[in-house]
């Protein structure tokens, strides 16, 4: 059996397949759909200090090979997560990456500290695609200097591995990857959704109530692979590849361009057992290709 | 019959359907596939002063609901275009938008002047997604101040309508739209392709020899619609919507968010007669919806 | 889960009645399945369809062709396989004390009501079936008692299904309980009628669904009990509990 | 153009032989069609397929299932329709003086050669058919004279198709002319063999194609005559004219 173990900071994963934030609930919805110990980890729906109701409906729609969502970061809040979800999650033996966000620096810090203290949370993933209310609504992740500062503050406040999740809605992702590395982040995950829009021509209204939403799914994979490649060539910290993964091949694309692990998002909706299937297929594939260690694949792109 | 005429600068189109640069050759390849007088116009393959061979093979590949290309702006050069292509094109009665680019400011200016002087070229479309060799390879279209200057220089050098085609590989497209307007551009066309990448996992090589390429096709439509909406709300000059149009509905999406006309790209490969079909379907649809003038649709998005 | 199609018949203009060999054990009336119509990435998401029948491991759905997903589904032949998840959601649960069940279905909304009716042959039920035109009235003959209303008058009474509903004396009888499924406008009207007449009942709602099992948060609805996910907390909600958006 | 499938038979492991009612009048051996296998946006592009026969308005293609497009094609049934453009490209055109035609096909590359052979029953031709294993050897019985080579030796001689080709005395005869189609490596080797033996001939090349009619510039090849588009200037190029990339 090939060694599929990968390490992100101090977080050890049995294999590089992680389910992505916002597409896997709090994990509990999947206990009858796959064996949570057979996937590397799962990322929770993005958590905030307080419960949030999110955006008005409609907030999803389908697009060619993709979908747009504007859930608006609805979540149960960190308290309910700790009291009601986490005890159940712990029973499953899953590795848990707590995805979180805030609207101010203090909210980010406080949320990070709270999650850091929770038994059963193995790593933190910081979503910086949120409007910064103190800075007039520009996103936390849209200014490298600011991102470096936020990363560094949070890094110092916690003990668990800190993954920073980057937005693809930038001209060049490399300065942001560097900012995370310089700020002491343990890993980068990329990409979050692309800003998109769709119109119902019958009603002449946006298909998403809030007009804009995030595009995800196989449609965005070429953009994601490109950005993950750019990140992996820019920084030394591990990069987790996300965007449109639907098959073993898709996952391998990310690993080959340098991702240490991957996250599967939208396809969890279509095929709830996909993460476990991909982990199993990866194992079989390594066997067949006589690959003893997954690290032989990571970053093995040939460009001569 | 509904009035489908739209105006871009001094360019009058019988309907808002234009075929996009790089996907329609020099028009001549389509004379047996549709009636060139039944579509608004066509944009030529991007022209440069000198003939170019483009990038090494392979330079296209397929992705979910899309494709990546890295043709590298191969074209016959402005001389051959004028001597061999244009006389033939003139016979078709087509409205011709000459797409062009350069690697230096002077090349842009010279190419624009040449095309401006040619009978049978009705408007110019300036592609600014090219590396600026004088500025160390950053793209002409990646700095609003520079874009405004280039637009203004070219605008002053020519008489025909100048359309500036924007790249989507920016954090915010609005400053670029403003730059074109401030520089005196007559119209904006958006979007060009998204930077993407794909890997052949069997060989572990990029599917495109030059590693990166431009993602086009239905996959990118949500990003394109969003950017066209942002442009249309930012500037008063006409915006031409491009990106993943494959059906009447798709075209209407762009018109509803404010595009005065649209360009159809990748789908010309799949259905060579698509531009004429869409123009006809638009006419029938207007009839059915009792729309007397296409302008009733343009910018009619309801967001209350 | 792969499921083999047993039949997929064109029952009225634009409507199909499909049966497939289910990989699950059973489904309650009101529940739905999520169908993947293609292995391709476009269309990407599964389509929710109410269970319209379940017998001997064979599941029935009745659907209207409205877009690309249902179009692709309608092109399938017996022997072809589809990919089905479910059943998902809660179910209709009229109390045993409900003596008089009113089934109010708009268009394709009749599907889960029909299943409830067939599964509860002993219970007294009257169906009110509405649609745009006669071809939108489905399965009327599978109900023991039914009243039809069409907008164009091509079948039954002309107008909304709420008109015959309002005219029936049943609304004023004790023990009357209503189950409804259909377009939002109809459900909102029916909800109002029930509240007005003090009639209890249940409404089955529809919303775009990304997953069908509670994780995408694409299908929420505000109720008197707070924000709910239609796919796991519904699709069936009690009369008077939904906060209708304007 | 919609075309109805007449037959789509599984002829060997992974290979299908399909006939459809063509909307075009005819096609020359060497030409190809562009097939759209689905109305969906995924897969998006058409698939190029050599014409393997044309008779009474019925066009034949022979294909290997290698990916999603050909997979979808193989699932089609007689009566289903596909969307076909073409025929595109140039054609094999051995001069009348060529007395001895060598047909060298690798794997599915045999398809256009077979068509040439069937269309020119009066001309003397010998086929050299290569493949990985016996199931990759197609239509050998449709040739009057053929030699088979497989990599695993499961049919014919073991090894590359170039080995029996090199051994035949025909290469040294006057009036010998070669037509070849197959993988790049084979064509390059055959090209070298021809040059070495002073034999003229034509090679049919393969490259990813975005459009098939000359506008995407996705299929260029460097030749002694400059950069050419394989879809309109080819797919057939003269022996000695292709500048092989390393």
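Think of it as A, B, C and D in the order they're written, each chain with its own count starting at 1.
The criterion applied here is as follows: a residue touches a chain if its C-beta (ideal position, glycine included) is under 8 Å from a C-beta of that chain, and two chains touch if they have at least 3 such contacts.
Worth saying up front: this structure is predicted, and the values here are computed from it rather than measured.
Peer 1: Using the contact definition given at the top, which chains are in touch with both chain B and chain D?
Peer 2: Chains in contact with chain B as well as chain D: A, C.
Peer 1: With contacts defined as at the top, give the pair, A-C or A-D, that has more of them.
Peer 2: Result: the pair with more contacts is A-C.
Peer 1: With centres defined as the mean of C-alpha atoms, identify the chain lying farthest from chain B.
Peer 2: C
Peer 1: Need the CA-centroid distance for the pair chain A / chain B, whole Å please.
Peer 2: 34
Peer 1: Go ahead and note the Å separation of the Cα centroids belonging to chain B and chain C.
Peer 2: Their C-alpha centroids are separated by 46 Å.
Peer 1: Please list all residues of chain D that touch 2 or more other chains.
Peer 2: If we look for residues of chain D contacting two or more partner chains, we find 41-43.
Peer 1: Quick check on chain A: which residues sit in contact with 2+ other chains?
Peer 2: 64-66, 217-219, 246, in rising order.
Peer 1: What graph shape do the protein chains here make by touch: line, ring, star, complete or other?
Peer 2: Per interface graph, the chains form a complete graph.
Peer 1: For the complex, give me every residue of chain D touching chain B.
Peer 2: Spelled out, the residues of chain D in touch with chain B are 36, 41-46, 85, 207-208, 210-218, 220-221, 227, 245.
Peer 1: Using the touch definition from the top, list the residues of chain B that touch chain D in their complex.
Peer 2: Where chain B meets chain D, its residues are 22-25, 29-30, 33, 45, 53-54, 56-62, 64-67, 69, 71, 74, 217-219, 246, 266, 268-270, 272.
Peer 1: Which of the residues in chain B end up touching chain C in this complex?
Peer 2: Going through chain B, the ones touching chain C are 64-65, 218.
Peer 1: For the complex, give me every residue of chain A touching chain B.
Peer 2: Contacts found on chain A: 63-66, 68, 142, 169-171, 194-199, 201, 203-206, 211-212, 215, 217-223, 225-226, 229, 244, 246, 249, 252-253, 256-257, 300-303.
Peer 1: Can you tell me which positions in chain D touch chain C when the two form their complex?
Peer 2: My answer: residues 38, 40-43, 68, 72.
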